[in-house]
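One chain, subunit A, links the two complexes that follow: it is found with subunit B in the first and with subunit C in the second.
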Partner chain A sequence: MNPEEWSDALRQLTGITGVLGALIISADDGLVVAETAIDELATADVAALAAALVSRAARCTAAMRSAVPSSIHLLAEQGAVLAVAGPPPLWLVAVARHDAELGRLRLLLRDFAGALR
Partner chain B sequence: MRVLEPWVAAPLTELLGESGARLALIMTSAGQVVAQHGFTRSLDVMSAAALGAGILATTGELANVVGAPSGFGAVVHQGGQQGVWLAGFDTPRGRWIGLVVFGPESSIGLVRLFFARFAEQVARAAPPLVPVREVLAEGFERELDQSLRALFGAG
Partner chain C sequence: MALAGLGHYPSVADAHDLLARIRADQGDDAAAIAAWHAALECDPAHVGARKGLAFVAFRARDFTTAERQLELAAMHAPHDATVMVALDRVRSVQPGAVAEDVPRLTDPASGLLLYDMQGMRLAGGVGDDGDETLADAVAAEGAGLTREAARLTRLLGLGRTRHFLVETADARIAMIPVADDAALLLHRGAAIPIGRLLALAGRAAQAADEWLERMR
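Right after this comes the complex of A and B.
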């Protein structure tokens, strides 16, 4: 996948009803690599916090001596953050409202994260 | 943590706690230290303050040369085990500089996020300016001692 194809993939993700934004982030430095989102979504903040979430989940699973996490789904009352690992250090992250089509979003995230290589 | 201005303590505590940073140094743009966390030797603090202020002044000039007169937002040095975030921010007391050292348990993005919040909180927390007192020669050494004690403790 090249950066143009990344943009296409992100646009498809944000085309799902209820998805506010989709980002490719670098989990090592917590920065946005590519993004498509509504203006109100602070994507730089999302990238930083999602990267911190990924890092803590990795430390947690390491402490449990279990596998490295490949996806993280954080479901809250008003929304959800879904993150799926791509080739290190990239992660594909989506922010959605609680009433978004999360099942479809999850499937697309997995497909696109695998194709980021 | 050592602070010369007590109202900087709460925002700095939050910055350190939320970002997971290891060291922090807050100074005026002239290099005068306002607060520090994690440094154990006064010499290190003074060196870091002088170098940090110098780096920001240099990058400010570099920004002019490359046609970015509003300057760069921050300077980041990323190493294998440690990174340094260096950025200026406006306060009611003038322009200050923050130098934050972070390890692999944190990230540039996280430091950027919480540094921005820190700068906002400091700007809000700053009490009104009081007129600058004239520094008299006989009081200078005593005031310098008090400042050093506040930053590094007695001893």
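Right after this comes the complex of A and C.
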């Protein structure tokens, strides 16, 4: 998948009703690699916070003697953050309203994250 | 012969597994269980021992334990069809409902862990055999995870955390905040459907909330 295809994948993700933004981040440093989002979404903040959460989740699964996280899904009262691991250190992240089609979003994220190269 | 083999190779899990199978065939479930636990001490990922423990539990109609052992087996062998078939069988014969209708909060081997925001374990555990050191370590990390999730939702204006899921190649983990100062982790094998995991976690969180009220 080249950068143009990345952008196309991100646009498909944000085409799902209720999805506010989708971005590819580097989990190592919490920086945005590529993004498509509404103006109100602070994508730099999303990247940093999602990377921190992935790091915390990895520490937790390591303590459980489990494998490294392949996806995370945070649901809050007014929104959700879903992220799926791509080739290290990339993660594909989406921010959505809480009433978005989260099941469909999760499947698409998995499809696209697997194709990130 | 099996006993002689064990005498020579006491740290080989398969030798304990073989002895356990013989004991189970002889109807001596207590000895079989002891031998399978010995196999797990040698090799915590020994799927045969998990399946054996599930078998004797199933035979004793302890479906909850049977299901839990098979879920632990599935964590180590997520693509083992025999484990999946056995899981389906155990779940299909349970009267009325799934085995986990009643959350076993205080059981250290239940895969349910309740902790406070200082990272102290309040009840339960996540290890295969009620390992308290492991449970304490997970409680400490779990509190950090819960705080990080709260930080993200606060800074992005998403409101309070309802739940947080983590998927790995061998497990699915749900975290749900309980009251204002505690959270619950539910740890299951990768075979469990996400919706069922969330339903179980929600029920366990409710039980944890009531448990905390009684403790205060």
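The rule we apply is simple: the second predicted complex is superposed on the first by the 117 of 117 C-alpha atoms of A that agree within 3 Å, B and C clash if a C-alpha of one lies under 4 Å from a C-alpha of the other, contacts with A are read in each partner's own complex, and residues count from 1 in each chain.
The rule is simple: contacts are C-beta pairs under 8 Å (C-beta built on N, C-alpha and C of every residue); 3 or more make two chains touch, one makes a residue touch a chain.
Fair warning: this is a prediction, and the values are worked out from it, not measured in the lab.
Undergrad: With the two complexes overlaid on their shared chain, look at subunit A and say whether subunit B and subunit C clash or fit.
TA: fit
Undergrad: Touching A:Ala51 in the superposition: subunit B (first), subunit C (second), both, neither?
TA: First partner only, subunit B.
Undergrad: State whether subunit B or subunit C is in contact with more residues of subunit A in the superposed arrangement.
TA: The partner that reaches more residues of subunit A in the superposed model: C.
Undergrad: Kindly classify A:Leu10 by the partners it touches after superposition: subunit B alone (first), subunit C alone (second), both, or neither?
TA: Neither partner.
Undergrad: Between subunit B (first) and subunit C (second), which, if any, makes contact with A:Asp29: first, second, both or neither?
TA: first
Undergrad: Going by the contact rule set out at the top, does A:His73 touch subunit B (first), subunit C (second), both, or neither?
TA: After superposing on A, A:His73 lies in contact with subunit C but is clear of subunit B.
Undergrad: Output check: A:Val93 vs subunit B and subunit C. Expected answer is one of first, second, both, neither. What do you get?
TA: Neither partner.
Undergrad: Name the contact category of A:Ala63: first (subunit B only), second (subunit C only), both, or neither.
TA: second
Undergrad: After superposing the two complexes, find the smallest distance in angstrom between C-alpha atoms of subunit B and C-alpha atoms of subunit C.
TA: 9
Undergrad: Quick check on the output: what are the common subunit A residues between the subunit B footprint and the subunit C footprint?
TA: The answer is residues 45, 49, 52 of subunit A.
Undergrad: Give the list of subunit A residues in touch with subunit B in this complex.
TA: Against subunit B, the touching part of subunit A is residues 25, 28-31, 44-45, 47-49, 51-52, 55.
Undergrad: Would you tell me which residues of subunit A are touching subunit C in their complex?
TA: 42, 45-46, 49-50, 52-53, 56-57, 59-81, 95, 98
Undergrad: Flag every residue of subunit C that touches subunit A in the complex, lowest number first.
TA: Touch list, subunit C to subunit A: 75, 126, 134, 137-138, 140-142, 144-145, 148-149, 151-153, 155-171, 173, 187.
Undergrad: Could you please specify the touching residues of subunit B with respect to subunit A in the complex?
TA: 78, 105-110, 112-113
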